[in-house]
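Given below, in the form of structure tokens, are the structures.
Here subunit A shows up in two complexes: once beside subunit B, once beside subunit C.
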Partner chain A sequence: MTTTRILEWLGRFYIFLLLAFLYLPIIIMALMSFNASPFYQLPFEWTTDWYASLWQNDQLISATWNSIEIAIITTIISTLLGSMASLALYRYEFRGKKFLQALLFPPIAIPWLITGTAMLIFFFGIGIGRGLVAILLGHVALALPYVIVVVSARLQTFAPELEEAARSLGANQWQVTNRVTLPWIMPGVIAGGLFAFAVSFDQFVVSYFLSTPGQTTLPVEIYAAIRKGFTPEINAVSTIIIVVSMALMLLTARFFKFGGEK
Partner chain B sequence: MGDQLATGSRRGLKPALPLLLPAYLWLTVAIFLPLSAMVFFSFMTDLPLAGKEWAFTLGNYAAFFSQSLYSTLLLASLRLGLEVTLWCVVVGYPAAYVLAKVLKGRSREAIFLLVILPFWSNGLVRIFSWAMVLREGGILDTALNAVLPFKINIDLMYSYPAVIIGLVHSYVPYMVLTCYLTLQAIDDSLLEAGRSLGASRLQVLKRVIIPLSMPGLIAGAALIFVPVVGSFMEPRILGGRTGTFYGTVIEDQFVAVFNWPLGAALSFILLAVVLIILALAAPVLRRAG
Partner chain C sequence: MAGVQVANVSRSFGAHKALDDVSIDFPDGGFYALLGPSGSGKTTLLRQIAGFDFPDTGRIAIGGESVERVPVEKRRIGMVFQNYALFPNMSVAENVAFGLSVRGEPKATIAAEVQRALDLVQLGKLGGRRPHQLSGGQRQRVALARAIVTKPRVLLLDEPLGALDKALRVDMQIELKRIQREIGITTIFVTHDQEEALTMSDRIGILRDGRLVQEGPPEEIYDRPQSEFAATFLGDANIFRGDATGNGIRLPDGTAIAAASGASVAVGTKASCAVRPERIRISTGAATAGADIANVLKGRVSKRIFAGNNSTYFVDHDGQTLKVIVQNSGAERLAEGQPVVLSWSSESTVLIAA
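Let's turn to the complex of A and B:
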């Protein structure tokens, strides 16, 4: 029995090491945003100047607004279209349904490098070109499969008899959806929406190929800054991004269980 | 999914169409048509834009096969994908096991969330954070020199190991997640039965736990291998001059050299290779599941 206990403690220690591996670089990156030296020199000297100077960096600020706007619009469109599609896939039985469900995986599984460059070529070919419209088109397409998968997972727990009961009590299709189905799947819809926001807000590769100098998003702007030679300002903006996206995911976790435990 | 629909579902594509059409039209315009266009462009000499002359050609593919540079880089990227995947198994599998079988209740939930939380944060920012740690005069260098009695120089930045570390950091949560899901489904009594029948811990691990969790391992490997083979941002930031891979060459064709047809051909070759590898993995996955 004692060997088991020792092994269990070793296991716990190992998890601790993994968490340290996962979080230490992020924590150090964040700490450096509060360090006065522009060359990241130690000893540590506390300052919030880098956050203050962010407000003077017009390029970063406009890219941030673009990112937020695109993420919000992506969330609205992909949650709406994705929930509709999930409902159809749940409610109706038709030929080719398996195929439609399989079509959701290429956008998730194909490397973004390929999807992004393909979008660039196609959008140029049909005259949309690069810019915020192209980025939005791409982000919604990337977020849609995630929304459909998450909402469909929630629908799996919904008893179809409830819809039948509502129908037999005289509710029309709209009332059935609005009063019975929607309230039930709402946690899934909200989780799907938060996923969509995260997919868009953190998206770099596709945005990178579809952006132009004036019309760009925050991650693309950060990448350019890293390659040009960076200052702790980049740490400051990165810290803000990471706090926002982690907070969003914690919120998602409240609505949607990842652990697979019922 | 078909089974539980038997009672409440309705037949016919027609009533489903208005609900399905918007989403699938969007996917068609932004994913499926672009991928087809990419294949089409990869057979062209130049872009058919602004009155430029163009003709069909196999030259872009010939370039791949005639210049060993591209196939060398593709092999380097495949090797990178393999190494990162293996490291993710080595690092992630034991963690998934501890999460699924050792930790219980609330602490398991909390730690599970902590493990998968980072990969929902910006990948670019996480790669950037490693630059802080790995630089000469960076945190790792300073910390080790403060502890060790002799002077050492840690300058992992702009090296192959730096690329591996950054990528493993980015992708290991996938492996923990998929392995955790399959390990958790293994009934504890099975393990106890094995032990009480005289199997050693190692035998139980080899004969029961690993075979039963194979689907999770393979799913995780696919989820990691595919994007790593196509990675370009991570090698650029952490690899510097040593960070030239297949992905960075494709990136160059689109943002620096502006040879889009060649870029399209290289992308399509990558897609084909990735699909072949996934197709090979699929039957193994199905059998194991």
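Let's turn to the complex of A and C:
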């Protein structure tokens, strides 16, 4: 009995250490965004000045709006295209299908630095150049494989007899997709959409390559600000991003759980 | 309602001939069982009739209308799948309503029809449940209600009772038969369970390797099988092989077996005789004289299996093991190793061409 209790205690301690390792830097940063001293000096003195001055920082605010807009548009486009691609890959047999499916995975593994360089060169080559449109195109390309993988995984659990049953009841292809297949894969579509949002909103490397001084995203703007000289405003904006990102990831986790339900 | 005609239908998948020139006339309002082992083509045939797949050659007609190139959604059929295929995102009532709803029927009509269908399958109160909250038997009924609510011309059932346990299956057999009679719909039922085929259907078609082996009413196939396969696949049968004599066969050991019915086989050619185990009498002494002892064989009991209302004796004769089923009449039971005399009439014997 005692051995079991010791093991249990050790287990809890281990998890505590793990969580501390993961979250301590973030917690300190969040706390410092409320500390009056810009140089991390203690004792801790509560203030919301940094959040207030963040509000005055037009560059950061416009970059934030850019990030949010790009993330939302990326989510919509890549979720739509990705889900349609998943359905096509699930439903139809065609030449080169296996090859095409295999081609979907490497972009996830290729370093973003390389993808970013390649996109920069390519966009210049075809005349799009840098800027928000280039960033948006880049983000959609990055997010698509994630959506396809997540939605396809959900489709693997779909019973093809359901589509056959719907057809036998007189439903046309549109009705079958809309009323039987889509409701089933919806948790996967939503999870894929959240992934797409996260990929875009957290994206630094590719955005950095494709942004111009006026047209930039929040992570790139933060990096630029830090290079100029650190201010706790960055702590403040980072805290906001972390809260939003974590909320999104928790939502994703919740929808994945949905996916496990029969 | 309508009959279904399948004429010279063939379908190959690559080099595999799943259906090979199959022709069957499914009578209007009848209950027809397609029986066969797995891989015999029975499900492929059902899918051709449903319209999920089209035949390479041949004709399919529903109610006299050619449908072999009409897709499933336009065929006005009802189908029950082996795993029920209920829509998990819909309630029981929404599942049943689906076929009417995609047709754009008015809401009031749909509600009334759905209730009627659910009442018919005795699930009138469960419309609000989700499929995963139902038992296997209940899901089966929902699938049936969903398939018939649209008033299809034909009801197709793909091993619908396969996933149920034995006791529930017998209940559902009776229930399915009752509902089918009540609405009088032409029903085609795929099964590999010969007992199910015998008890439920008006006609049976036996398939093997993509070909129709024999078809007809259950009694006819059981009493007059035209092949060894039909004899042994539908029920149990003792098969004797020998040379045709004109009214039966002669076994290698010289014993003559007389058969009153069956194929006409040229004298001297190879042929078989089939006898059902319950038609054979078993006794210890000489067989009693009479008309029904056209066939007499000596043997020795090698094994007895007692099953309550009957016993099965395995009797060895000249290297062949014969099966005899005897009703439990309270008479003395034979011991293993005992010499016995088997006798049966020529009317119980069917001659089969090799």
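Criterion: the second predicted complex is superposed on the first by the 249 of 262 C-alpha atoms of A that agree within 3 Å, B and C clash if a C-alpha of one lies under 4 Å from a C-alpha of the other, contacts with A are read in each partner's own complex, and residues count from 1 in each chain.
Convention: contacts are C-beta pairs under 8 Å (C-beta built on N, C-alpha and C of every residue); 3 or more make two chains touch, one makes a residue touch a chain.
This is a predicted model, so every value here is computed, not measured.
Chemist: Should the superposition on subunit A be reported as showing a clash between subunit B and subunit C, or a fit?
Modeler: When both complexes are placed onto subunit A, subunit B and subunit C end up side by side without any clash.
Chemist: Which of the two partners, first being subunit B and second being subunit C, lies in contact with A:175: first, second, both, or neither?
Modeler: A:175 contacts subunit C only, not subunit B.
Chemist: Go through the superposed model and pick first if A:21 touches only subunit B, second if only subunit C, both, or neither.
Modeler: first
Chemist: Now for A:213: first (subunit B), second (subunit C), both, or neither, which partner does it touch?
Modeler: After superposing on A, A:213 lies clear of both subunit B and subunit C.
Chemist: First (subunit B), second (subunit C), both or neither: which does A:164 touch?
Modeler: both
Chemist: Is subunit A touched at more residues by subunit B or by subunit C?
Modeler: The partner making contact with more of subunit A's residues is B.
Chemist: Where does A:119 make contact in the superposed view: on subunit B (first), on subunit C (second), on both, or on neither?
Modeler: first
Chemist: Which partner does A:184 contact after superposing on A: first (subunit B), second (subunit C), both, neither?
Modeler: second
Chemist: In the superposed arrangement, does A:109 touch subunit B (first), subunit C (second), both or neither?
Modeler: A:109 contacts subunit B only, not subunit C.
Chemist: Who does A:202 touch here: subunit B (first), subunit C (second), both, or neither?
Modeler: The answer is first: A:202 touches subunit B but not subunit C.
Chemist: Looking at the superposed set of three chains, what is the minimum CA distance between subunit B and subunit C in Å?
Modeler: 9
Chemist: Residues of subunit A that sit at the subunit B interface in one complex and at the subunit C interface in the other, please.
Modeler: 159, 161, 164
Chemist: For subunit B, which residues are in contact with subunit A within the complex?
Modeler: Within the complex, subunit B contacts subunit A at residues 1-2, 4-5, 7-13, 15-17, 19-20, 22-24, 26-27, 29-35, 37-38, 41, 47-49, 91, 94-95, 97-99, 102-103, 108-109, 111-118, 120-126, 128-133, 135, 137-139, 142, 169, 172-173, 176-177, 180-181, 184-185, 201, 222, 226-227, 229-233, 236-237, 247, 250-251, 254-255, 260, 263-264, 267, 270-271, 274, 278.
Chemist: Quick one: in the complex, what on subunit C touches subunit A?
Modeler: The touching residues are 50, 52, 71-74, 76-79, 81, 83, 85-89, 98-99, 102-103, 132, 146-147, 150, 156.
Chemist: Per the contact definition, I'd like the list of subunit A residues that touch subunit B in the complex.
Modeler: 7-8, 11-12, 14-15, 18-19, 21-26, 28-29, 32, 40-42, 77, 81-82, 84-85, 87-96, 100-101, 103-104, 106-107, 109-115, 117-125, 137-138, 140-141, 144-145, 148, 156, 159-161, 163-164, 198, 201-202, 204-205, 208-209, 219, 222-223, 226-227, 230, 234-235, 238, 241-242, 245-246, 248-250, 252-253, 258-261
Chemist: Touching residues of subunit A toward subunit C in the complex: what are they?
Modeler: 159, 161-162, 164-172, 175, 179-180, 183-184, 262
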